[in-house]
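Labels run A, B, C, D, E and F following the written order; every chain starts at residue 1.
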């Protein structure tokens, strides 16, 4: 059930049986010479929609732009600053909590979002309580990274081994190929790829990772792999969401 | 050309021929008993993608959640506060301007966004200049409301007359029916519909407009109308974008 | 009744019969070679005081500095950033609402304030409600632009036709001449005057409008015209304020 | 020379001979049963205008609403929060510094403003430097409290002794009587008046100082005294401003 | 009783007998060629701990970095901006007030903190009330500057006369020598020392006060003097704290 | 070399050989019935000072209050909100970077700080660059959690096995016993201890973890263990800091 394709009376009815909602969050950032700039948002959205369908959960609109400041040395990257993102998350949660939602499950496609999301959750718990919202004290947030689900992780290791890398990975590229087969890009990739450097500012990142990849070989991706990753993630995250809801 | 489906080298190449970008902005808010909560985002996104295709312009990710505080009395509505939205727009523009973009054309689906967008533009011009970005002084923003395009407006008057109303209008509902025919909702609508009240806070709004519609009869909408609106808007906004780019 | 010339027991007594207050808001910005920098504040203040006198309404202190970032390329201009102005309006409304005020009628002299004021109103409604102030849910704000009142607008067209322009207009200059006849300025004005350009940042504005005027010929202004404008505006806004108060 | 009654070319010419500006700052707050709510703004404005006239200095628009949170238990009081006021001062100084001003002399009518003003100055020096404004590194701010000028202070002691008190003082009331003789208020004042309590929050303040006065007897004020205070303050502050400008 | 060395059940028990807490606040800033960068924090902490021990009051963790923007021209200086410090103080007070504390006594070692602290107190009173904390309306804050205690001040005059100066004073240096005798520094000091200049921005400060001292001769300091200052301050502030608690 | 015990000329000299600085960061929060409220700050500070001594690195003042909002249901806990902490870190880094520092190594004692620290680093990299500081583009931050060092982690497992738990752990308590043997607390601890719950808001946390411990048995701690942990951490972090400095 997609919030964007629902009416308010439908949401009102939904709230009587569940106060949980799934929020996909991605990023708009360079993903190497062949990865789509929307990779993280595309993956998070597709998988979140899959989970929503699988278990009848409500899925909110995708947060397309996340925390990608370290990628802003590459054109096309867009980023919120962490302090802005904390406010965005706070506003989302307050809006939803006013209507009675209190379990917020973020399906995330970008590692760079995690720290700021966690900071935002901590900040929001206080706000929801201080605003005196009915379920304010019971609010719970979780960030679930689809690429860290155990079956996804294993599959990536199996298919790509060390060439999975850490950014612009074949696994995420594969998911985008499955979702948007019309947008598969091919350009020659250098067989040498930078890896293992810590992440600091944007200029430093571009200097260390000149083509944007971090140790990955996205040439290995196929739409068929993407389907496998998608299905593994949907299954694992459906289970995790149900467990999240059920927890006392 | 969609930013989300492009690679960074493609964006780099695009920037050599254009520094303009189209940003769709909608809202996630109640649209009456039958209108989709995502109506404003769906319309803005579809039309922006249409414009991008028509004239080869780059289209960024959709801003799904806008300024809809007055609708937060209805479940499912999500809103940024204006002060948050100013920061979001600022972060978007700064990210894009670092790469060289300097003409920002927002295709907007929600009247409630306009004031905050204009405030955000004013705030951002100073920031872009003060950051010393190469094109900072030349930055230009425009908000183009698809529903205000002259041919769209005329068509709505022609098809619906006074029943077009001001919120949850048949014209916008028609566009969503065209885009998502599988999500057409039908429930009996009261023939009486509130209209003409000023907009203040959320509780006041819900009291004045109990089912969320403002003077509209969305029952009149059809997917075929939606196609007409879509085409009229794409044509008109394509022309406006080209004029925006060309202006000295 | 001017707040600045009242005592707190007088305000306490006033609140028993009315919870409305008028707040003049102007700007401190260039108004061409002969227009006063305080034009917008002078006009708003004079007319607001006139309205207060006419109908016994309380008038608060004038907000002298508004949103004029696009004029900051000309010396003497002062501006709040929109995000600051939102906080200022929020603080004003919270202070007044704590005492019981809940109808806030801004008499505005500057087009550049409107978007930010509307954003501020939306933001403040939530704050007033969340703070749990007695009338928080009933708060109502309106911005009334004196220069947009129908009789004022007509008079300007009648007296100046196309030479009214859009900034440093003869109508607003005339009002300042009526209020401060000792400060009438005369310097030769170029008969050519820029007009019709969109407004972006400050450097761009100064480049497009080199002497600060936007299509106007303030040489046409006279103190007698000013008196006419003043009287027309006071009459029209008095009626509008009473209607604003009376609305359910 | 009043900024509000000047044109931008006049300011441009002024800047060639001086980069100093005087900014009056008051407050909008209860001043006991007979003191005007605008007392602090009225005094600061009148004296600042007097200084400007005396020595040909430019005087900006009056900041009417200051930091008066502790008075908000009394109706009619308006206040900025300190964090808002810091942003307001920052925006004022940035606007003026862009045009070349770098000596900012605040003539202040309210003790409650001083701490926040000093905090704002410290914050603004960094901002002006970081923005790289031509005179950013040379910016200087001073707050001059008219009621603390040595001749004013002595005169108050001489005329009123212990009955001067600390808020709603006869000296400031006298100045308002001199400026607005038509707004002199008389109601019976309790001969007992609270004094000597520390200032904490608004509810606490009202409990400790039930009629708003702090140890003062404003009944002693006369317009003639007001004239004396005014003249003493104008003379003293004119000298202080010149000394401020001259300091290396 | 030190908060850092207590357990939460001990704090719970303490709150039953007192709702007061002492918070040391210093600065991390240059103190001339021989003064320690931590001088202000060291003095405030040592004296606060002494007061806590003397009268069984709870002492919170030291705020090591304060408002020292004007010293940032010298390496090693660290500073919060005033707007940041207001938030820090607000967060401290809200945390403590949630548990029931309502009397906050800041023992301060740095003049530059005073204005911002006072602004923070004003801002926090409103927040504590608006959050509806049990003792929100009764919150009281005071800043007590150890170096301004009458016996301390007299002792400094007696020992050093005019050579006490205003920054990097022998009295504060003496206290650090008493607390950290192993960190006594000696380098030749110029007998000429700048004094009497107003404080503006950091570059200006360094230009006016090239070695960081303001009219002081810290060579006069001895650890024995430090012990005297320490004891005088502990005694005076213990009395002041008890008076602060006792005040109605 | 401790910043607090250094002079500015000493820091100036240090900067010629190193641009790195160690910043200890802890928390002020409940640590169960016997753990000290300052545990995290005490551990981080002691270990950071040990590292500084071991390898001659400069150590800044300890950040005593971190992100502990989830512990604020227990008296004595103090916390910054994440958005405040981001500003604090930003201000620290800007101050230090102005003087030339560009490698910032945070030795951290509290898991709850990590997400916000990482968000703060990302935000600060942009700020340092945008301010145009000499080394802005080269700034690097790292957070090193002493309790996660491999030898520390192993030792804890070896000494305590499952009873190490996740908060108020015997390992951290042991370090505080080593540092402050005079503050060892003993009260009977329930043998049953809550564990394994996710962390949400403060009320939820206290409900799930009623005595504040998370699966730990701090009764196992001894000062001798503390010494072992201290030494293991100092050794491991000294190596990590040198590696951090050396990295290209």
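The definition used in the following text is that contacts are C-beta pairs under 8 Å (C-beta built on N, C-alpha and C of every residue); 3 or more make two chains touch, one makes a residue touch a chain.
Remember, it's a predicted structure, so these values are computed and weren't measured experimentally.
Each of E-F and B-C has its own count of C-beta contacts, and the greater count is at E-F. Distance from chain B peaks, on a Cα-centroid basis, for E. The chain with its CA mean position farthest from that of chain C is F. For the self-contact between chain C and chain D, the two sides draw on mostly identical residue numbers; the shared fraction is above half. Averaging C-alpha coordinates per chain places the centre of chain C 46 Å away from that of chain E. Spacing of chain A relative to chain B, judged by their CA centroids, is 24 angstrom. The centroid of the Cα atoms in chain D and the matching centroid in chain E are 29 Å apart. For chain E, residues that reach two or more other chains under the stated contact definition are 81, 83, 87, 132. By the touch criterion stated above, chain E contacts chain D in their complex at residues 67, 69-70, 81-83, 86-87, 112, 114-123, 125-126, 128-129, 137-142, 198, 200-204, 247. Interface residues of chain A, counted against chain B in their complex, comprise 2-12, 15, 28, 30-38, 41-42, 60-65, 72, 74-81, 83-84, 87-88, 90-92, 95-96, 98-100, 180, 183, 185, 187, 212.
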